Structure formats: structure tokens, C-alpha cells
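The structure under discussion is supplied below as C-alpha cells; questions concerning it will follow.
To keep things simple, chains are lettered A, B and C as they appear, and every chain counts its residues starting from 1.
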């Protein structure tokens, strides 16, 4: 963007130094995420660039930490693929188990949060909804209450009803944490929603279910999915609830990372971190596509 | 009741679905301290026990936090079968009824027929706990960081002028306060008398104050060798077996200072209501037999709790060096040492931990 | 469905008495309200059971003594009318000895002793030690106890036991504020070397304010730039804000561990540039500095996003008008532009402040000892020292503080205006 010619030298200087400052802040935001990737290929067990790495010597780099992700916990990592290596990896490797757990818990809690949250958002967006502000405030409160307080309370309560340290307990807890995101995003998509569209559908003879399915659903779907994604990420990200309510059996990726960092900060953690950064790039892409689609659809609906 | 039933049914269904579900028969969850120590147990006990009995042993690491056991027992969902603890913690757990009572008569006798109750060293058998090894809180340094003068005494650990640089210390009150007092000139056999008084406690914290700004705190046993190797600290307290492992397996230039150290026990306990209690007891009996303790001493430099194991100690399994002089029980390593006073700690752990945490958090 | 029903009623009621019409209309509206609420009900119940009930139980736990009263049930009854000013009666002593014998057999004495030890440090060994001998004690019990351990001659331990087995107690809240009850029941501060929680609350507050200000300082220019650039560039740069936002908290904390270590990348760069010598590497981690740097990075997107969404809606014409009327650019910015960003600033700052007050993971990993916040001590008491009453009291205080802020947030910004991404 070129500056208009009438700006003074001082304004020009400010303009460029402002951009320089912003550039530095962007570096601050993104550099930590990028730095983990090269470090995870370090052949040495350190968190620092070795002289060899800086000179781009191939032997200073290695994929051993990535192999370590797969090998850790396996009964016989040296077995050939034909001798049941795959089965061993799938069943015993600690990180693989953590990944399975993360997806299992994340998907189930996101589904619960999305189903209940969408239904509630439909109710909240009706003009007749009583006590809307208070109820919205209540439903969103799990997001506001510090996670440590939530986890503490849940731990005491879930232990008394016998679901602490179980999959059910963890999934219920994560669904609760994901609910606010679904309520917020779906309510936001519904705020641009023209209720005349439903009325039109109904007056043209559609059954209520058809009206929901064919008219409302396509319009709020992006909101539902992005709310669900938020809920999934909330679950996928969580360590604190897992620390209190989870057990070895339910151990997720972040929980496994937490142990890893506290036990021994080897570059294996960095390798896992690199994979997770790639994963979040994928999530971000999906979320961005959804946002665009939602914008387009809202344009049509209005 | 009904909802709990349904909850557990659902949990079982989900567990089966994931195939990581409830522990099948013949599985045992053994919890220990991770790193080189767990490795010594896996190599010496787990593998051979599994091979003989067909039991799958699941090994989990923890950092000595017995709160987990209490919350498991109190919530009625115990998943740990056998836990390796330090002495004071083992006594606390037993006091609170959180661990199973172990019948000493069931423990295997020594090869010459001496009953276990006489074969175990004094103070290593307890109502709910059976000791396996003796280990020591030593401190170690990186000799490349001190090419000229090298630290040799507990006092040197606190001497920032002679030996500048960061120190690693374990983030608990136990053994840290005793070490500070010994470095401040208290005789090892007086240490608990002094620490029982308010003045003595003040003195220990005052000593720690002198290096407070230069301390990096560690919480798990694998951290001190790591901190030394990364150059984050120039010297650190540590468990002697971990430093031994770094010295002989990883060839690190570390030196152990055998002075003013507090030695302790590692004991097996079975949490009350452990899912595989009988199997856990079988494993415990196996892992504390004369031969097995001697075998473990080939993997880490911790002294066996049985007298009959000592003559059987040979060489290190990986490097082939003689183990005897690296043991915390070797006479030359015991010139100024003291055993931890478990009764003292069972009584004072709450108040001293509280004060320690307060001291830590204060600026 | 409701629309059809309503239409139906409307046509049907046209011919009827206007009063019935009114009633029916009111009925119909009520039905619609109930209908709307029915949509919300499942989630409402879910959040109530899974979240609100645990919070309430926690609040209850913070004033309860737990099992102490059940374990020493005879003593609890016997001590009902005891004033606590002098040594207790023989009857109370007998009850306590009987309770001790039972508790020793059930292995529950440790629990009571631990609880009494919270109010009277050092009493744990007196109780467990005496309990071990309790079976052999003979009447008169008061004397027998005194022989077993002289501590029983001091009313202090009796008072502490009575407090520990009372069903309801203020002790945990007092402890959470560095207070305690002395022998006469007066509330006093604990000794200086045991005072910690006020320091921690204050530190949490100060660090949260500092982190919030840093986030605003760094977030404002970025949001401004994003809002003023054409959408094509803004969307591209937005990725740099959203990517950290979508990346796992622990990944970002790990990255800072790698960067801030004394042998880490940042110190390496400083040494390489000759800013510091190899021996003077800065301690950037395991202290409050590490906590502030990492938390600012983690929370920065939470300031940028709400600021950006407000700034995007601000029309540039106002600033242009001000400038064309002769205002200097800085005046135009501060007098015209800045006031319009207020909702964004309020939303971003409160969100970051609320989040940082309850942060746990990052301080635990990079905070060392002086970078620990109140949440780290809550976790300590839940998981390690097992003083659940104190953990519950600290949590409830924190919860109350957050709810007040939340209410304020709702009042100032409106919770329904909260937008994500």
C-alpha cells in the first residue's frame, strides 16, 4: 500500500516504523511455533541448534525422535513388519495409544457438546425465550470459570458419583468445556437468520423436520461445525482436567506430553509438538473454509 | 445407583471398543520412579517375571506423589497394583489405612534358609511395606565446569564464591533441609534433633536462602542428569543411581560427592483394594528375593535390602565395571551420612512442607 | 410447529369473546416460551449436573471438616457442651480414648491426626503416637493420656480436636487468607513464615494485570494494522494470529521451554550477537519472567481477535473528517478513533485477565518458584498435600472473584457480543 504523496516525512517514518513494530509482534507470535520443527530433527538430545545443524551437515539431523514416538512402549520395536510390528505398534506404543484416546475423547465430547449446544442455541435465538441473558450467561460460564477451579470441583464431585478416572467422566467434563463454544458460534450464525425463511417453508407445506433439515440446517451448519471444532480442540488441548479426572487408561496426547516434559525434556516432545503444529494448520484451514462458506451463505440468506 | 451402573456399563463398552479397556486377567500395573531406576526393575524383575508367569506388566512412572494413591483409594477406583515409595511416605500410607498389610512370613527365605525377617536389614520391613533397595541423596557436579578446584564437601555446595553457577535441588522439604543443616555444620547424627526445633528450621531455611537465587528446582529423578548435561546447572543433588547411570552408560563427565548425604529406602506397597492384589504380592515376593535383589544391583547402584544379596553383587550389566564401590552402602561412601528419619518426617511432613512451599513462593 | 399452532388458534379464536382471546393469546405466548425453553432444557440440565453441582459441592467442601466427626463420634458428642477454656472433663477423655482405640483398628486415626495437624502443627505425632498405646490406657483417662504424652495437659490440643471434628468450620477460609483462630477463638494472622496466600493472590493479580497490559500493548497495533489493511492482506496476516490460537497450549509452552533455557535459542542468539558473554547467560525461565513471556504469547490472540472485530466495523470517515477539520493525526487518533475501540479493548482485556488469573499449566512448567500462581497451589493441595478443604476454599474465593468480573464483563460488553475467530 503506497502512502499518499501529501504525507510529511515524519508521518512516513512513523508509518514504516509502525509496520516494523507490527512485523516484530508477528515474529513473536509465530516464531516459537516454527522453531520447534528444525529442533525436533536434532541428532543430539538438546533443545539448541548445534554448530553442525547451522552448517547444514546432514549427519547433524536425524529422525530418531520421530521413531521414538512410535517405538516408546512397544514390546518389540525391532521386529519386522511381517512379524506383527504393526499390531504391536497399534496396541502398545504409548503415543499411539494417546493419539487414539485424544481422538476418541475429543470426538465424543464434541458430538455431545454440538448436539446439546445447537439445540440450546435454537431455543436461545427464539424471540420468546425467557431469561435469555441469564441462561446464556449460565451456559457459557464453563468457559469463564478458571479451568483449575472447574477441574477441582469436578474431581471432588465425579469421585463421589463414581465417574472420576473413567472415560465417561472425562468425556462429560470435556463436553461441558466445549458447550460454550458451540452455543456462541451457533447463536452467532442464527443471529443473521431470517425467520421468515422457516415460515415460508412451513406455509408451503413443509413438515417442521423438513423445514429444519432443508432450511435451517444448511444455514447453521458452518456454525455447528466450527463450534464443534472449537469443542474438539478444547478437549484435544486440555491437560488440567485430564490431570485431575483422567488415569493412565485415558491418557491423551497433551497429558502424555505433560508427563514427558516433567520427566525428561527430550526432543521427542518437540517432534510431537511439530506434528501438532501441522495438525493445527489443518484445523485452521478447515475453520477458515467454514468461515468463508458461512459468510457466503449469510449473504444469500439476508 | 442405577445411573452409576449405567455409567460403568457404558465405560466398559467404550473400553472394549478402544481395546485399551479394563485390565485383562494376568496384567499388573507397577508404578515406579521412571528413568534408569525403572529400567533396572524392568530388566531385572519385570522381564523375567513375565517370562515365567505369562503376566503382562504395565509399568507406569510417577514422581513420588502419594496423593494419587489416596485419591484412588478414596474414590474407590484403584488402578495401581504395586507402588515403589520412599520410607516416610510408606509409613504415612499405612497410618492412614491406604495400603494393604503385608505378611512378612510369606516373603521367601534366604538361600541358606535364614527367614526373611532376619535376612532383611533392620528397619527395612514394615507392616504395609517391604524395602527393596537403599539409595542416597548425593550431589554431583560436571567436572569440566571446575577444571581447577573441585567441590568435595556439603559446604562446597553452598559456596557460590568458590564454585559459582546454578544448583539443582529437589523441590521437597525432605532431605533438602537436612542437607542444608549438615552443610551449615550440624553433625549428621544431630540433624533431626536440630530440625525438630523452630531455631533449627530457621537455620536450615537461612542456609538455603544463601543460594536461593541460584537454585533450579527438580521434581523427577531423570531431571538432575539432564540439567547437568544441558549445562543448566553446574551441580545438583540427585539420586546416586541416576548419576551412576549417566557416568557409566552415557559417559557423562559427572562426579559424585559422597558427603553429608541422607540415605533412604525404596519400598513396595500395595494400595488398598488394588485390582490385582494377589498377583502384586506374588511379584513383590519375587522381586525382593535374594537373587532378584542382587540381579537388580547389576543394573543400578542401589544397595539391596537383604544381607544375603550383598555377596552376590557382581558387575554392572551394561558396562561390566565392579558395582561394590558405587553402592551407597559401601563403607568409604558413608563417612558423613545419615539415614532419613521416617518417623520424624511422618510427623513433620505437613508443617515443614507448608513452610517449604511458603518459603519457595515468597520473593 | 409453533407457528402453525398459533395460526390455528388465531383463526379459531377470531369469532370468540375478546376476553377469552386475550387469555388464549397469553396461553399461546406462554406455550411458545415453554417451547423455546424446552430446546434449552437438555443443555441446561447437562451443564447443571456436570458443572454447577460440582461447583456447589466444592463450596460445601470448603466449610466442612470431612470424616473427622464420624471417626471421633463419641468425642464429638461428649465435647458438645465443653467451653474449651480449661482442660476437658474425664468423660470427654474417656470418649476420646474409646474413639482412638476404634480408629486405630480401622486405620482411620491418621486422617483425623492430619486434619488436627492443619490447625496445630506437630499434633499429628501426639495423636497417632497416643492412639498406638490407646488400648492399654486405663481410667482415669485424663491422667493416663497425660502420662502417655505431656501434650495432653495443654488445653490447646483439645481445642484443636474439637475444631477439627465440628461439622462446619471456617478454618479453611481463614487459612486461605493467612489467618487462624487462636486459643480464645480470636481471628489472627499466622506467623510471618507461614503467610503465603495473600502474597499469592496479590502476585496472581499483579502478573495478570501485567500480562493483560502487555497483551493490549502488543495486540492493539496488530489489530489496528489488520483492520486497516485491505482484506486480501489482512486475511493472510490473520493466519499468523490464528495459527497460535489453534495450536495446543502445551505445544506453545514447550516451544518457550526450548527458546528460553539458558542453553536455549534466545540466549544463543544473544551470545552470538555479543550482547552477553557465554558465562552470563540470562535466566529467562523457571521464574516470573518465563511465566510472563509465555503467557503473553499464549493469550495475545485473545486480545487481538475481539479488538480486530470491533476495529473492522469502525468507519475511517470519522478520523478523516477530524483530520480535514485540522486535527493533528495523533489528536484524531486519541480523540476520535480510540474511544470507538473501547468495546474491543474491554472485551479483549477482561478475557485475557480472567484467563490469566486461572492459568495453571504454563506457570507450572516455566514458572520455577516465584512464577507460581494461586492456581498452582490449588493443584498442590488437591494432588499433593491433599488438603482438599483448603483447595476448595481457595477455589471458591477465585470463583467468586471471577464471577464478579464475569458479571462486570456482561454489564460492560455483553456476553452475547463475544466472538471467536
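Assume a residue touches a chain if its C-beta (ideal position, glycine included) is under 8 Å from a C-beta of that chain, and two chains touch if they have at least 3 such contacts.
Everything numeric in this text was worked out from a predicted model, so none of it was measured.
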Chain pair with the most C-beta contacts: A-C
Longest centre-to-centre distance from chain C, chain (CA-based): B
Chain occupying the most central position, where position means C-alpha average: C
Computed distance of Cα centres, chain B from chain A, in Å: 38
Inter-centroid spacing, chain C versus chain A (mean Cα positions, whole Å): 23
Separation of mean Cα positions, chain C and chain B [Å, integer]: 33
Overlap residues in chain A, where contacts from two or more other chains coincide: 46-47, 155, 262, 265
Sites on chain C at which at least two other chains make contact: 261, 263, 382-383
Two or more partner chains touched - positions in chain B: 71, 230
Residues of chain B touching chain C in the complex: 65, 67-68, 70-71, 92, 94-97, 166, 171, 202, 205, 216-217, 230-232, 343, 346-348, 350-351, 353-355, 357-363
In the complex with chain A, residue positions of chain C that touch it: 1, 3-4, 29, 32-33, 35-40, 42-44, 46-47, 50-55, 57-58, 61, 218, 221-222, 225, 229-230, 233, 237, 239-244, 246-259, 261, 263-265, 268, 297, 300-301, 329, 354-355, 357-361, 365, 375, 378-379, 382-383, 388, 391-392, 395, 398-399, 402-403, 406, 409-410, 415-416, 418-421
Interfacial residue positions of chain C with respect to chain B in the complex: 106-111, 113-114, 117-118, 121-122, 124-125, 128, 193-196, 199-200, 203, 261-263, 283, 286, 368-370, 372, 377, 380, 382-386
Chain A to chain C touching residues, read off their complex: 1, 11, 18-19, 21-22, 25-26, 28-30, 32-33, 35-36, 39, 46-49, 112, 116-117, 119-120, 122-124, 126, 128-130, 133, 135-142, 144-150, 152-158, 160, 172-173, 175-176, 179, 181, 183-185, 187-188, 198-199, 202, 208, 226, 230, 233, 236-237, 239-240, 243-244, 253-254, 257-258, 261-262, 265, 269-270, 273, 276-277, 280-281, 283-284, 287-288, 291
Chain B-touching residues of chain A, taken from the complex the two chains share: 45-47, 91, 97, 100-101, 104, 155, 159, 161-168, 247-249, 259, 262-265
